[in-house]
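Two complexes are shown next, each including chain A; its partner changes from chain B in the first to chain C in the second.
Moving on, here comes the complex of A and B:
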């Protein structure tokens, strides 16, 4: 007898193969999303979206919930599966909420940057982009409404003054997944630049801007 | 930033040994991997969250990991004392795992109280080391530090205050450096998305 997960994983692998991607197990996808969650939590700026993987997990959850409904309640497996689904949902919601928070905080800047990117290397998912645009529009309308009631002298708002930017030089903790030959760190205190080697598996503290590109490539994990 | 419960979540993904008291011939195919078969009396590996769930339902006994023994922990403690740097521990989540196992399965773990004390000693020692290196780091005005073998919970104990302090220092220095040409003060404001809240840790 095939168990429920066997079927699900096979479906998943087939789907991925169709897209000419390397073979992926549900376990691998979960690990990717968990890593993306941590990176997103600790990075000052919004990172490229991982919608493909999140959607894949959501499909898994849906399929699993359907299968669980068919199983008898006394089956010892049911509790474990349910618990696991709750755990995964927790990570996904936390991940998405972290992103929304950044979109809300840095709305104008995020939209500006997004406008310069092509569809393939977009940082926001289509749904997030829609949210960001609506949020910006609502904020603008809100300010306009208030400013109308202000004295004439003060009822103009400089758009540039509204921009809040993430501090890309903020310090982050990181773990290196792969040997990196050269990372340049700007030392603001002494007005110099330092160059260091990151060994595989080593952990460091440094400004985010120095390793931002490696975080996006996946060679560095924020911790 | 990171809530201790979220670090506990990561710790729960670590693998541990249990001895089930029930029989279940087929594997349980979880998304995070397949585990089984469950045979009464025969040990098998499962993630900690599975172990805790089964233990709470009294359908298994948890085997303490190798490192979770008073003599082993004492060795670690001595090693930590002798070393200038942070030593590598057998797990990244020693504090959380000890805490979780002793809360749910204290009867399964011999010398629970002594283990708790030893782990707390190890934690205190490492945190003291961490605090003094943080102090040195800030005073020397450095911008990069190696933190090998520091565990997530230990890192979290100096977050957000430590990175925030450094951020503030850097911003101050930038302002001092640019105070000569002060007129171009059209800088946009900089912020982090989360309003930082601090918390204290206790075992």
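Moving on, here comes the complex of A and C:
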């Protein structure tokens, strides 16, 4: 679990970073969640979950709502803080919603991939995994009510026919956070490969598959 | 021709509005299923009677027709549950009776299970009772929103503890989080700025 220093609600709006190196500020956590949200929104496949940060932020929101309730209602700052909290809540719910939508669409695929990963580098949080499994089972049961009336050679559904895969070659806009020496872009039409260098801070448009690993590491940010 | 009926089913679905679900066409589905059985029986019959000189093309054609029927039927029910799923997010766990009437038994079961799965997932998020993901669907531009009441909805307790009485055709300023579910239920209407 992360530890967060007890912060005043003002830190939420202030852009300045605290000089506290050891512990993460709420500002920092918010930044991580916002980045995760953008990446999740623009990437075609599901990314490793950031549930710890989300939980941490929700904990903070709860505390801040408590603080706000204590302040006088006539204070104009209260409404500003409340609006800011609403914005953060939107980011969190939108992030989790986007993930659920991907889990639902690519259910079979996501579960198959998840089965090959160990617990430490799981992409889904335990709750999401449970959701995915139940969703898949529910869909299978529903399909089965019609499949079982079909002639017996045809009353099964092949994995290949029900799987929906994300298009990993779709193009994404990205911004580079760090210098990357070599990114390989495959030209699937001509079967050629091209190697390029990404400068720190530069922006590009390229197929997602070429930079998927950098997105997961956090060296590039999808925009 | 083979597969005509199933295409009709899909067209019927396609022609309906995307936020509605047309009645579950049981007759149509049974018709397609019986066509599949007939085709299957014909294949078996061909295999039995013309062992020496198999009419391969005739068999292939019938197989393809069966596969197509299957694929289209599954598309039909898959598309329907996609729409049902949208409704869970838009309207909530309680479906209006006119929608319910149009569903098959299995679809109602699917919907109930989906609600259960979703709610148990949402309960796990955050520190205490969970987070309702069906709220906060649009980026908030302001804290309050102007709404008009469409019905005499009666008392509404505000977050601050005050009680507001909602009367038909009156306008109110409500906090977004409180107004959103009521707008979706059709009690309130957003007043465009």
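Methods note: the second predicted complex is superposed on the first by the 195 of 223 C-alpha atoms of A that agree within 3 Å, B and C clash if a C-alpha of one lies under 4 Å from a C-alpha of the other, contacts with A are read in each partner's own complex, and residues count from 1 in each chain.
FYI, contacts are C-beta pairs under 8 Å (C-beta built on N, C-alpha and C of every residue); 3 or more make two chains touch, one makes a residue touch a chain.
Note that the coordinates shown come from a computational prediction; the quantities given were computed from them, not determined experimentally.
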(request) Have a look at chain B and chain C on chain A after the superposition and call it: clash or fit. (result) fit
(request) Identify which of chain B and chain C touches the larger number of residues of chain A. (result) B
(message) Contact-wise, after the overlay, does A:149 reach chain B, chain C, both or neither (first, second, both, neither)?
(response) second
(request) Look at A:190 in the shared chain and tell me whether it touches chain B only, chain C only, both, or neither; answer first, second, both or neither. (result) first
(request) Go through the superposed model and pick first if A:79 touches only chain B, second if only chain C, both, or neither. (result) both
(request) Classify the contacts of A:26 with the two partner chains as first (chain B alone), second (chain C alone), both, or neither. (result) first
(request) Look at A:138 in the shared chain and tell me whether it touches chain B only, chain C only, both, or neither; answer first, second, both or neither. (result) second
(request) Look at A:171 in the shared chain and tell me whether it touches chain B only, chain C only, both, or neither; answer first, second, both or neither. (result) first
(request) Determine, under the contact definition given at the top, whether A:97 touches first (chain B), second (chain C), both, or neither. (result) second
(request) Could you tell me how near the closest CA atoms of chain B and chain C get once both structures are overlaid on the shared chain, in Å? (result) 6
(request) Would you please give the residues of chain A that touch chain B in one complex and also touch chain C in the other complex? (result) 79, 83, 87, 90, 94, 104, 161
(request) Within their complex, state which residues of chain A touch chain C. (result) 54-55, 58-59, 62, 73, 79, 82-83, 86-87, 89-90, 92-94, 96-97, 100, 104, 127-128, 130-131, 134-135, 138-139, 141-143, 145-147, 149-151, 153-154, 157, 161-162
(request) Going by the contact rule at the top, pick out the chain B residues touching chain A in the complex. (result) 1-2, 6, 9-10, 12, 22, 24, 26-34, 38, 49-50, 53, 57, 59, 141-150, 152, 155, 159, 162-163, 166-167, 169-171, 173-174, 177, 186, 188-194
(request) Spell out the residues on chain C that touch chain A in their complex, using ranges where they run on. (result) 29, 33, 36-37, 40, 66-67, 70-71, 73-74, 77-78, 81, 85, 106-107, 109-110, 113-114, 116-118, 120-121, 124-128, 131-133, 135-140, 142-143, 160, 176-177
(request) Write out the stretch or stretches of chain A touching chain B in their complex. (result) 3-6, 9, 26-27, 30, 34, 41-42, 44, 57, 60, 64, 76-77, 79-81, 83-84, 87-88, 90-91, 94, 98, 101-102, 104-106, 160-161, 163-167, 169-173, 185-191, 194, 196, 202-207, 223
